[in-house]
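Can you read through this structure? Questions will come right after.
Per-chain numbering from 1; labels A, B, C and D assigned in written order.
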Amino acid sequence: MTMSVMRDPAAAGRFGAFGGRFVPESLVPACEALEEAFREAWADPAFRGQLDMFRTVYAGRPTALTPAWNLSAELGITLLLKREDLAHTGSHKINNVLGQALLARRMGKTRLIAETGAGQHGVATATAAALFGLRATVYMGERDIERQALNVFRMTLLGAEVVPVTSGSRTLKDATNEALRQWVAAVEDTHFCLGSVAGPHPYPWMVREFQRVIGEEARRQCAAELSTGVPDVVVACVGGGSNAAGTFAGFVGTGARLVGVEAAGGAAMTHGTPGIVHGSRSMVLQDDEGQIAEAQSIAAGLDYPGIGPEHAQLGAAGRAEYQTVTDGEVLTAVRRLARAEGIICALESAHAVAWVLRAAGTDELPHGSTVLLTLSGRGDKDMIQLSDMAALTGGPA
Amino acid sequence: MSTLGATLRAAGRPLLIPYVTGGLTANWTDYLDACQDAGADAIEIGLPFSDPMLDGTTIQRASDRALARGATIGGILAGIEAASRRLSVPLIVMTYANLALRLGAPRLAAAGVRGLIVPDLPLEESAALEAAAAEAGIDLILLAAPSTPDDRLREIRRRSRGFVYAVSVMGTTGERDTLPATAVELVRRVKHHQPDPDGPERLPVLIGFGVSTPEQAAEAGRAGDGVIVASALMRRVLDGATPDDLRVAVAALRTALDLGVSSGTPYAEVSGDRR
Amino acid sequence: MTMSVMRDPAAAGRFGAFGGRFVPESLVPACEALEEAFREAWADPAFRGQLDMFRTVYAGRPTALTPAWNLSAELGITLLLKREDLAHTGSHKINNVLGQALLARRMGKTRLIAETGAGQHGVATATAAALFGLRATVYMGERDIERQALNVFRMTLLGAEVVPVTSGSRTLKDATNEALRQWVAAVEDTHFCLGSVAGPHPYPWMVREFQRVIGEEARRQCAAELSTGVPDVVVACVGGGSNAAGTFAGFVGTGARLVGVEAAGGAAMTHGTPGIVHGSRSMVLQDDEGQIAEAQSIAAGLDYPGIGPEHAQLGAAGRAEYQTVTDGEVLTAVRRLARAEGIICALESAHAVAWVLRAAGTDELPHGSTVLLTLSGRGDKDMIQLSDMAALTGGPA
Amino acid sequence: MSTLGATLRAAGRPLLIPYVTGGLTANWTDYLDACQDAGADAIEIGLPFSDPMLDGTTIQRASDRALARGATIGGILAGIEAASRRLSVPLIVMTYANLALRLGAPRLAAAGVRGLIVPDLPLEESAALEAAAAEAGIDLILLAAPSTPDDRLREIRRRSRGFVYAVSVMGTTGERDTLPATAVELVRRVKHHQPDPDGPERLPVLIGFGVSTPEQAAEAGRAGDGVIVASALMRRVLDGATPDDLRVAVAALRTALDLGVSSGTPYAEVSGDRR
C-alpha cells in the first residue's frame, strides 16, 4: 500500500473499484456544485481557519487522549483513548457537521437536512444549524426514534424538525433514502448534511477530510505519549465509517495496523458483497438478487447495511482490516470501560472497546501492544435503552 | 425486431407509457395486457428495490408490497418473459443501479426487455451499461431533470436510446395537482438540443413523474412526445383496482393524449378521478 | 474589599462571620485530618501536577471559552460562555471530585461517599471512584432519584451504590444529612466527597480551591478574548455555590462585578437568614424557629436551602451580589440558548443565562457590557424531565 | 437550686437519663412524669430539628412526627416549663446548633432547663454558648466520641459541665444488639483524664447512643456512671406505648442499672423487649 490512499479521489470520486456518484440526474448538479465548493473552500486558508476556530472555541477541540490506565494494566497492553465523547454534542459527528454547515453557508444555502441513526448526527446538525442560523430538518427511522428518544428531544429543543421515516426497516438506511428524496425536492436552498463517509461523491471524501482532525490530533498526541511514537494498532468502530476514516487518515501513512470494528449484525465488510446503495458503490449487506438487507445492531448508529467506499478500498487493498463483535460483547465492553476507567461510552464506540477486550493477549493483539482507540461518543444517549434492558435482566446493563 | 426507439418513433401519436410494479399482485402481468389493450405504446415495469431512492410514497408502497408478498426479481423476469411473447408493445424495465448492474443487459434481453431505465445511474456512471445494453439490443433510456444544465442535456440527448425521459419536477415520483411548469420548460430545452428535430436521429421526449390525470397527460402530450404514468395507476392497484379497472384508467389517458384536450374536460370522470 | 477574600480561611475555617465546623465530636478528628492532608497536598507540587494531569488528560481541561455570538448580537452585550458542560461527566463537578479522590487515595482511604442532588456530583464521584479503584456509595433524595433517573443509572453503571434517602424533603439537603451520618460510621476507611463549597471546614475552602481552575482558566481566556482584558460582569449559578466560587476566585482580585444566581425557590442569599446547617454557619432558608425550609426548584442541583459560607461573606461584604430567577425564566433560557447557540445547558446553568437575558439592556447590565458566564453543565441529564414537561404543555420545553 | 452536675453527683447510684422527643404526641409531657416515676435521675428532652445530622432512623422519625403534627419549639418549651415546676428531676435539652444558638441559654433557663446538649457544637465552636450557659445557670454538656484523641478528651472533660456524654460508638443514635466495646474503652479513657477521680471536680461519665436493653444498661452502668437511653424508648412510643408502658420500660432499666446485673437476666422481659 502506498501513501496515495486516503487522498483526493478526483472528479469521479473513485476509491479503487468503489465510490462514484450513483444519484438521480436531478442531484448531479448539486453534487457537482458541492464538490467544487468543497474543493475550493478546502484550499482556502480562511475557510480552514474559520473551521479551526469553531472546532476549538465552540466544539472543545483538541479532544483529550486518555490512557486507559486500569484496562491497560488488566489487559497487558497500552491502550490510549481518543476522547471524541468530550466533543460538544457528545460525539465526533460535530467535526463533520461544523465543516458542512460552514460550507453550506458559504454556498448560500439556508437550510440543512440530515439523516440520523443514533441521533448524534441529527443533534450535531441541529446544533450547527442553530449556531449558523440555518433551518434544519432531520430524518430518522421510526425504530431509532424509539431507541433514542432523548436525542429526538434534544433536536427539537435546538429548533430542528424531526421527521419519522416509516418505510423499510425504519432505521438509518431508510432515513438516508428519505433525506436523499427530500434533497431532490429542495436542492435549491438546502444542503444535505450527510453524516458519514458514505453517499455520492464528494461526501465520502469530504466527510473524511472533515473528520481527519481526529487522526491528526491523535497522531500528534501519540507521538508525545508513546516511546515508539506511533501505536501498533489503531482501532475504531465502523457504521458508515466516518470516525474510523478520520482516525485512519492520521495513521495511514504510518506502519500502524488499522482495525475497523463493525457490529456483527451490520458487518458490510465481513458479510457484504459489492453493491450500490445511497449513491456509491461499496460493500453492502444484500441478498442474492441485490435487495439490501436490514442490519441488526444494539447500536442505532451502526445499524447500517453499508459502509463508506473508502473502507471497501482499504479493506480490498489490505491496508485496513475489519472485525466484528456481537451485541453481547458490546454490553460487556460498556460496563467494563465504565467500571475500569470511569468513562461511559456510546454503544457504537463500545464496539471498538469490545474488540480490544477480546483480542488483547491473543495473537491478534499480543501483550505489550500499543493501541490507539477512538472513543467516538459518550453514552448518555443510550442510558434509557440500557436501563430498560437492565430492568429486564435485573442488573445494570 | 426493431429497436424500442424505432417502434416509438413509428407510433405517430403522442406516446403513452404506463408503469406497473413487477410482482405487485399474483396476477400482476394481467395489468400489462390491460395496458396494451387500452392503447399503451410501451409498458414500463418496475423491478422493486428495497431502497428506492427516487420514488415517492405510492411507488415505495407498491415496491414494499411486492417484496413483502415474496416477489423475486427472478420471478418477475419470468413473468416479463412470458408477457413479452404474448404482447406486441415493447416492455421497458425500470430499476435501480444495484439491481440493474447485477442483472446485466444480456439477462434482461433474454427476458424480452427492450428498454431499460436506471434512475440512479447518471451519465458519469452509465458508460459500461450503455455499451452492454447496445450489445444486447436494449435501449438504455437516460433521464433529464429540470436542474440539468444545457451541456449535460446535450450529452444526455446524445447518449440516450429509445427516448429521453424528462423528469417533470425536482422531486420524487408521485401524484401532483398540476403539471409543473418545469416539465414544459425541460421538454423545450431538450428539444432545442435535438440535433435535427425532424431527422432520423430525433428521439422522442417523454414526460414522467407526477403525471396524474388525463388533463395533465394531454398537456404533457402537447408539450412533448408523450407521457409515462406511474403513481396515479399504482395508487389504483394498491387500492384494489383490477386489470379491467386499470384498462379504463389507461384508456382515459390514451384518449386525452390523442385528442390533446385541455383540462376541464369530462375525461377526469372517465379515469375515475373525482378530485 | 481587599484581596484577602477567597484566601485560606485558617484553622477555624471562618469566612468573616460564616463558616466554621459544626459537626459531631465523632467527626472532628476526620475533618482535622482532612484539613491537614489538604493543606499539605495543596502545597505539594507533585500533588498539583498529578491533579493537573488528570484534569487535562482525563477530564478534558482546559474547557473552551465560547463567545455566544448570536445571543450577544441579540442582547447588545458581549457574552462569553465558560464551557464546563464540555468537561468529562458533563459538569464542573469533576474538577472537585478528581481533587478529593486523589486526596482520599493519598490519605489511604478506600471508599468514597457522597451526597448528590442533580446526580452530577454523584456521577462525578462514581467516575473518580472507578478511575482510582475506590468503592463508592452515593446518597440521593428519593425525589431527585425520580427527576434524574438517567444519572442514577449512570452511577450504577460506573459501579457505585446509590442509596435513596427518604427523610425530610427527600432532596439534596436530606441526602447531605444522610451522607454525614454515614460518614460518622465509616470514617476510618471512607472519605466524604462533598460536592459543593458547603459543609464543615475544610470543605468550603478545599472545594473552592479545587474549582478555582474554572476562574483561573477563564481569566486567562478572557484576557486573550477581550480588549478590556477583564469582563465587566462575571456570572454563575449558585446551589451550594461551587461553580460560582471557582469562577469568582479567578476574578475576585479584579474589578469585575460578581453575580451569583440562585433559584427563586432556593435563594438562601436573598430570602435566607444566618443559620447553621450541614456543618457550617451561612445564609439559610429557615423559619422563625430555625427549622430549615424545603427549597423548591426545577433544577435538582439548586434545590438547596443553604449556600456556601464564603458566598455569605462575599455577599455581606458587598463584593458579590446574588440574584434570583424563576423556574419559568429558566425554561425560557434553556430553549433560547439552545436555539441561538446550539448549546443545551443544564437547568442549573440556565439560571445564570436567565439572569443575563433579563438584565441585558437594563441598568443592571447595560448595552455594551462584557459578561463571562460559567455554563456549569450540560443538559443531557434533564432531557427526560423537560420532555415530560413538554408533553404536558404541548411544546418542546 | 443546685447545678445539674451537683444533683447527679449526689445521686449515689448509676445514673439513668431517659430521652423523650419534645412534642412527639399531644400528651408528650406525661412521658416525662413516667420517667421520673420510674426512677430517672434526669430527663433529656429532644427539641426536634428538621435536619438531625447525628440521629438514626428512630429519633429522625420521632422528630419528623413531632414537626409534622405541628409541634413548635415555643410550644415544647412551654411544656418543659410546666413540667419543670411539677417534676423534681432535672430536665436537659438536647438540640442542634441552629436551634440552640437561636434560642440562647437565658430562654432555656427561663423554661427551667438545667442542662443542654448540642451534638453538632464541638469544642471549637462552643465557647460563646458555654459562657452564656454558665451565666444562665445551665450546664452545657459536651460529648466525647471513640475517635476523640486524648488531648481533646482532656479538654472536653475540663470544659464539660453536668456530665460527660460518652458517645458509645462511631455512628448515629439507634438501637444495637450489644453494647459496643468502644463504649467501655471510651469511658475508661475519659475517667483516666479525670483530674482527681474522687475529688469534687469529678464529672460523671454517661454512655449514650444505642443503649437498647436493660442488660446493656447494666453493662454500661458498670463501665461508667450511667446511661442515656433514647431510641429504645422512642421506638416504643412511636409504636404506641403509653406513658404507663414507658414507665415499665424505664423501670426495667432502673432495676438493671441498680443491680448491675449482667446480660441474660429476666430484665429483658420486664422491659418488654423479647428479642
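In this section, contacts are C-beta pairs under 8 Å (C-beta built on N, C-alpha and C of every residue); 3 or more make two chains touch, one makes a residue touch a chain.
Since the model is a prediction, treat every value here as computed from it, not as a measurement.
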Chains touching both chain B and chain D: none
Chain located farthest away, centre of chain C as origin (C-alpha): B
Intercentroid distance (Cα basis), chain C paired with chain B, Å: 67
Distance from the mean Cα position of chain D to that of chain C, given in whole angstrom: 38
Distance from chain C to chain A - Cα centre to Cα centre, in angstrom: 34
Set of chain D residues in contact with two or more other chains: none
Chain-level touch network, classified as line, ring, star, complete or other: line
Full enumeration of touching chain pairs: A-B, A-C, C-D
In the complex, chain A residues that touch chain C: 56-60, 63-67, 69-70, 83, 86-88, 90, 126-131, 133, 149-150, 153-154, 156-159, 334-335, 338-344, 379-381, 383-384, 386-387, 390, 396-397
Partner chain B, residues of chain A touching it in the complex: 12, 20-30, 167-168, 173-174, 177, 180-181, 184-185, 187-188, 275-279, 284, 286, 289-292
Chain B - residues contacting chain A, complex: 49-57, 60, 64, 67, 72-74, 96-99, 101-102, 119-125, 142-149, 152, 156, 167, 170-172
